[in-house]
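Both complexes below contain subunit A, partnered by subunit B and then by subunit C.
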Partner chain A sequence: MIAVLLILIPLLAGLISFFLKSERAARSWALFSSLAALAVAIIAVTANGNESNLAFRADWMGALNSSFSIRMDGLGKLLCLLNAVAFPIIFLGTWHTQYTKAANFFGLMLLTQAGMMGVFLAMDALLFYFFWELALIPAYFLCSQWGGPKRIQVTFKFFIYTFIGSLLMLVGLLYIYYHTPDRSFDIKSFYAIQHHITGNEQTWLFWLLFVAFAIKMPIFPFHTWQPDTYEQAPTSTTMVLSGVMVKMGVFGLLRWLIPVLPAASWAWGDTVSWMAVIGMLYASLIAIRQDDLKRLVAYSSIAHIGLMCVTVFSVNEIGMQGVIIQMFNHGVNIIGLWIVVELIERQFGTRKISELGGIAQKAPAMAILFVVIALANIALPLTNAFVGEFLMFTGIFNSAVTKYNVWFTVLAGLCIILAAVYTLNMIRKVFYGNTVERTANAIDIGLMEKLALGIIVVLIFWIGIYSQPFFAISDTVSADITNSILNKQEVLPVIKK
Partner chain B sequence: MNALLLSAILGVMMMFSSVLISQKSAARTIAIAGMLLLLIANIMDMQGIHFFRINTEGMMHFDRFALLFNSIAIFSILLYFILSSKDMEKVGGYYSEYFSLIFFILCGIILVTSFKSLLILFLGIEIISIPLYILTGAEKKNLRSNEASLKYFLLGAFSTGLMLMGIALIYGATATFNTTQLTVSEKPGVLMITGMILLLFSMSFKVSAAPFHFWTPDVYDGAPTVFTAFMATIVKVGVFIGFIRLFDESFGMLKPQWQIWVALITAATLFIGNITAVFQQSVKRMLAYSSIAQAGFMLLAVYAMNSEAKEGLLLYSAAYCLATIGIFSVLIKMTDYTFDAFNGLAKKEPIVAATLAIFLLSLAGIPLTVGFMAKFYMLEAAIATGKHLWLVIFAVLMAAVSVYYYFRVIQAMYFKDGQPNPMQISPSFKWTLVVLAGLIVLLGIFPNLLLNWFYF
Partner chain C sequence: MQNALQIAWLIPFLPLIGFLINGLGRKHLSKSAIGIIGSGVILVSFALSIWVFLQVKQSGAGYVANYFNFINVAGLEIPFAFQLDQLSSIFLLIITGVGFLIHVYSTSYMHDEKTEHFGRYFSYLNLFVFSMLLLVMGANYVIMFIGWEGVGLCSYLLIGYWFKNQEYNKAANKAFIMNRIGDLAFLIAIFWIISRVGNVNYSDVLLFAEENRFSTTDITAITILLFIGATGKSAQIPLYTWLPDAMAGPTPVSALIHAATMVTAGIYMIARSNILYSLSPLTMNIIAIVGLATALLAATIAIKQNDIKKVLAYSTVSQLGFMFLALGTGNYVAAVFHVMTHAFFKALLFLGSGSVIHAMGGEQDIRRMGGLGKYMKVTHITFLIGCLAIAGIPGLSGFFSKDEILAGAFARSPILYAIALGTALITAYYMFRLYATTFRGSFRGTTEQQHHLHESPGAITTPLIILAILAVVGGYIGIPEYMAHGAHWLQEFLRPVFASSNEVLKPHAISHSTEWMLTGISTALIVIVVAYAWSRFSKKPELEDARGVGKVLENKWYVDELYQKVIVNPLHKTAGFLNTFVERLVIDGLVNGVGRLVNYGSRQMRLLQSGQVGSYIFLMVLSMLVIFVLQFFLRK
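Let's look at the complex of A and B:
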């Protein structure tokens, strides 16, 4: 039942929010309900040995053999936790940002949260598809209504892009459904499909599904919607998109692609990894040249997600562990970065690095918190991202399924160095040096923002220093996913050659 | 059977009522009450309560499929009457005659959905078409309406000619009109194949499938909007039911022969409908092309021709009718049919805009609306055939294109500023829209509420 609550709380809270009159009420209501969801998520994650509470199944579409079946496994736990942690932080961090028609804004935000919860929990392919789309619709309205000047065209591009991906995925899911022996959308039937289709079918099914996930993550060359959308969307929505929603893509790989089509994932892994590595280098190089803070963070996000994709397709248990924990870390860290970008933009009216400078002199608290988060973004030891990226690099380097493991490690490692270049450069130009006209009268951040950034910093150090509790949540899952490929009788001999 | 006779009686009654009753609201009330009566009668028919005992063997067969579709059609007309019948007053002076023509068209639809003999199919198509020519030209002083009517009549007569020719050839080959006795051998002769192709073309014409669609935009655009709403929805899906029935019962055994033809027609229809709709500046014309595009999706059912396809077509017809009737009912209230006329509607009429958004999302096939489930069934049916997968992928790409033009209306309503001037919108109209939108969402989550009727 707990798992149902995770979807139900934001869903109902979002619907109620549409009827609230004042802005203040809507804002408080959103914070309150997101905290309630967080409380439930924490209970769910810490409920060891009481797994029956974390699953729920009800009849839905009997004729199609699809049921409302949700369950929280280790992967789902960590991502639901991320989803639940993200929203209170976002609401706190943007507490003083004004929105027209705030009730609608917060209502749509909460509906997005409900949709994403469903994606992470669904154990039925049709249900998964439903939630996958449902998370998108409110995000579309959020970006188109409250975004920047070019919002309508840009958001539309984003929507069409992801919609094409989803529809191709739907065709793939339907094809698999039609070939399951018991004609069912249940995840167990999907995991057994590999014995009922040929390798050729696996190949193009792989691409049908992969394109949907690749667009969501995004992976080069499907990334072109992303910088524009991140730039034009209202920043709190950008936080949702980059903090949680892109994880839907990685999550899709882990749950609905690799275990379902292991042979094709193994066969095409190198191709996909090369795409991701090219994207990482490309995005990192572009990020160095960016003058707009939002675009800089957007490109850095492409690079980070690319690394996750490479690791996923290097299929190594340690690497998988790293991906899962890094999804959580990346979500938390990037929300921190966006909060600071939002604060800077609100106070100084610009996001251009060249028009800013010396903020640290006037706003030391913001500077300190931001530097910690930025260092986490480049995976310095003691921070959470170090743990994740270290594991991921170990995984790529020791990968048994690819012969390019050294290449991938070196090239991806290069991106970490480039990340340090653009991140530190940005810190230097924005926070240090002499103040300019705009920043001469800067004031420091308030309590709410301190609280939001403070929580993020605490999480950064907690996972960076003592990450064992988080690993404990997801270790069985990463082993399962890895084994889904490596234990295949038909695949293993080929790999060993 | 119940609905067929009652609707004929009601049609005649409405025709003469204009002599006795001059009040327009009275005529409207009679029409709505009559439609409600038809709905009840038809549902009773489904439950096995028949008012009339007439032997129709060899001519008509009222099976579950036909009856359920008739219920959907009658229900849609009922909603259409409630939403838009007031706007028929503006078309011309023959108010109750319009209702009587619609009742006659319903008779035609019932014939087309439950024919067992090719003659009945022909009769049904004609009974549908002739009143439609009149309705298209109902705005007598409007040149465009006249032009549309003439165009529709000429092309419609031509396609009817093709159909008759086809039926004659088939009769020549088999010496029977009975649909179930037509194909006996897997190796048909030239007469049979030619007849079948002619029937395929004429049916494609009636459902405006490409390349037989050229009349559609002009006729839909020229006809009075309130009647476009009717002919683009209920009439079109009614003919579709006849289409699938014909090819299932009569030519089922010849599927290998015609399947590739239908696949090509489907692809062409999807392509032309969707791509042309993108470039339209008027919402009404966009909806005309969208109806071609949606016909392309429904053709997938004819192409697949399996049990999923039949279920799916029922769901699709409900989804398409409900959403399109809703959109047209709002469009009629607008003084200007361009996209820009919708700018800022969300601020002025939030409820109307929200329901309109749901209708558009449903047509675009977004989950949680019945439009998604309908498309889902179509794709499932097409995948179940196991071949021509390119068609399925092409169809979803075209569905993605359709998002472009449907969302233009949503963008105008929600994200652009403007001063829309809709005509007077009454609270009861709004509430009907809300009910309609609720129905679309409800069926989107539980499509079995409708489909269970197919079996029980």
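Let's look at the complex of A and C:
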């Protein structure tokens, strides 16, 4: 039942929120609801040996052989935890940001959270698709109603992209459904599909699903919706999109692509990895030339997610663990970056790096917290991202499925250097040096923001120094996913490139 | 020994505590409290290091202390563990000992800073010592790497300590980024090791190597990658250009981080992995050549520098090159020996230069100094001792360690020896050019500066005196075999660390008479050069701008400009091209094109929805006809 609560709490709280009158009430209600969800998530994650609580099954669409089947496995636990941790931090960090029609705004935010919870929990393909859309549609309204000046144009692009992705995914899922022997959307039937379709079919299905997930992550060259959307969306929505929602893409690979189509994942892994590696370098280079803080963080995120994609297709247990923990880390860290970007924009009225400077003199707390988070973002040791990236790179280098492992390691490794270049230059221009006109009277951050950033910093060092409890959460998932390919070598020869 | 193990974690932990107290309390603590906490934690660490050292010396063995699992996933186990043995205990002493002196020195040197920034300074300095201790105490490559990047971070923070100055911030970024290039190679080496050995513990990796289980390709790749990492941290060709720029930081920082400790991390790393290198002759040759080339290149540049700290910076790069030459010739003990003596005399010289800069009111150009010996006696005498030590005058510490490196080079090849000796002569020359221009002759600054000239207070001169004593006597722990049998204490002490390497390399000793001759030649030449430089620059310091070759040297062989042209600018241009052309026009253009096509298509389609029943019927009939025709053809 606990797992159901995780979906129900934000869903009901979101619906109730639409009827709230004052902005204050809506804001407090959203924070309260997100804290409740967090409490439930922590109980779920720490409930060892009581797995029956973490699964739920009910009839849903019996005619289609699809049921409301959810279960919280190791992967789901960590991502639900991320989803539950992210929202209170977002609400705290943007506590002083004003929204028109706040009740609707917070309602939609909570509905998004509910949808994402469902995505991470669903054990039925149709249910998965349902939640996938449930998460997207409120996000679409959040961008189009509360976004920046170019929101209509940009949201249209966002919509078209994600809509095409969803459509491809739906076609793929339906095709698989029709070829399951028992005509079922159940995940077990999906995991058995490989024995009932030809290699050619696997290939086509692989690309249908991969493109859907690649758009979400996003992977080069399906990424151009992302910098625009991140830039134009209200920052708290950007936090949701980049902190949690992009993980739906990576999650999709891990749960609904690789174990379903292992042979095709093996066969096309190199192609996909090359796309991701090129995308990493491409995004890192572009990040160097960005003057808008939001776009800089957006491109940096493309590079980080690209690394996850390469690692996933390297199919190595160590690397898989790295990806799983890194999804959590990336979510936490990038929300921290956005909070500071939001504070800067609200206080100084600009996000342009060239129009800022010397903030560290006036607002040391903001500068210190930001620098810590930025250093975590470039994976300095003893921060959380180092643990994740170290394992991911180890996984790529030791990959048994590709002969380009050294190339991938070196090329992706160059992005570590480039990340230092754009991050340190941004810090230098925004925080160091002398103040400029806009920043001459800067004031430091308040209690709520300190609290939000403080929680993030604690998580950064906790996972960075002692990550074992977090690895314990995700448990044997990485081995299962890896083995879904590596143990299925007998079906591999059916694929011809 | 068990006792030592139980408290060993305190050695890095105390500076970490100091960092937290000073960092968080910088607005609430007084300057003296900050200074006492900052220096005090290092002093206690130093005392503990001495104890650990004595324990190691007594037992003659190394121990590993496991604390917790840093990473333990999917069969990859990386413990958070410390290794206490001969090599790490020597480095512990240098880091905490010299570190303590520099902390004390800083309490006076940085006293004009605002309390808040004073606290920030000491917290960074403590954090640095913590990271450096992790680096040398770690029992595996990952813990070393944590310290490795940690010291890089502190170096970045301290170079950019005066963060209002964007030039300093740029220097800080440059240091961090160039170090990161090396760090990437280090990381790849770690991945490579994991792929072959399955973990990263020194004991397992070195045993794996001793048992000859690495293929030649593996060991060559791993050693070269680790060495590239070392070139970043220890400022060797091609990644050395950040170190002279790092002089933007406060002078005590230059002494501690950019001379005595952090930059020797690369030497520590290779000495720690010595058996890997001994099994890879190709890498050994590369190291010897790169080290010697760096030593020579930096020495030539130092000849024409006029900033007192820049001369010392290039001299550091050059001396580090000597250490790599020693490593490359399999002379590991000599490298560690030189790390130690260099820590003494180079810290001394930097702190001395700080005392000078202080007296000169911030002036760093030696052309505006001169005759300072009259005004600051302690600084003068101690600085002179430092110069004599680095030049290699017999009896002082630098003589013993440098002599050992030269002898090792001779054993490998007379050509290496000749170039190294030439570099040593250049060193003597530029150091005494520096000394004479600064302390001899008559004062060339403004009268206001002249009135201001004074000896520095006790907190500055006391560390100078202690370091000067160490710079004199530090060499006597390594008296060469040809002078006195069995008197090389350091060699005996470190023997277990390098035992397997010595079996592999079987260094062929040169006869005692040859060694006496070599020492005689080098000493005579050095004394001549010292005397020449001393008298020449005391009488007529170099005040006019350099011309010809001198100008090239003054401009550091234009290497920075070359890097800018060949690497930085193209990278920037490529990034700009991708940003403005590929991203905006090609990819986004394609996407928007598709979007427009859809829009256009739907607009046309909309026209069909006219609402007139007649046109719908017409379309239906038309479609049925098309289907009918198609069916007809397809059936055939």
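Simple rule for what comes next: the second predicted complex is superposed on the first by the 489 of 497 C-alpha atoms of A that agree within 3 Å, B and C clash if a C-alpha of one lies under 4 Å from a C-alpha of the other, contacts with A are read in each partner's own complex, and residues count from 1 in each chain.
Heads up, the rule we're going with is that contacts are C-beta pairs under 8 Å (C-beta built on N, C-alpha and C of every residue); 3 or more make two chains touch, one makes a residue touch a chain.
Predicted, not measured: the structure shown is a model, and the values here were computed from it.
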item: Partner chain(s) touched by A:V458 [first = subunit B, second = subunit C, both, neither]; value: neither
item: Touched partner set for A:F156, first subunit B, second subunit C, both or neither; value: both
item: Subunit B versus subunit C as contact partner of A:M1, first or second or both or neither; value: neither
item: Which of subunit B and subunit C A:L12 touches, first, second, both or neither; value: neither
item: First (subunit B), second (subunit C), both or neither touched by A:L134; value: first
item: Touched partner set for A:A39, first subunit B, second subunit C, both or neither; value: neither
item: Which of subunit B and subunit C A:V171 touches, first, second, both or neither; value: first
item: Which superposed partner A:L447 touches (first subunit B, second subunit C, both, neither); value: neither
item: More subunit A residues in contact - subunit B or subunit C; value: C
item: On subunit A, positions contacted by subunit B and by subunit C; value: 156, 160
item: Footprint of subunit C on subunit A - complex, ascending; value: 156-157, 160-161, 221, 224-225, 282, 285-286, 288-290, 317-318, 320-321, 358, 360-361, 375, 380-382, 387, 390-391, 393-394, 397-398, 409-410, 413-414, 416-417, 420-421, 424-425, 428, 431-434, 465-468, 471, 478-479
item: Interfacial residue positions of subunit A with respect to subunit B in the complex; value: 61-63, 129-130, 133-134, 137, 141, 144-145, 151-152, 156, 159-160, 163-164, 167-168, 170-171, 174-175, 177-178
item: Subunit A partner contacts - residues on subunit B that touch it in the complex; value: 311, 361, 366-368, 372, 376, 379-380, 383-384, 389, 392-393, 396-397, 399-400, 403-404, 407, 411, 414-416, 446-448, 451
item: Residue ranges of subunit C touching subunit A (in the complex, touch as defined); value: 68-76, 142, 145-146, 149-150, 153, 156, 160, 163-166, 169-170, 172-173, 176-177, 180-181, 183-184, 187-188, 191-192, 194-195, 571-572, 574-576, 578-579, 582-583, 587-588, 591-592, 594-595, 598
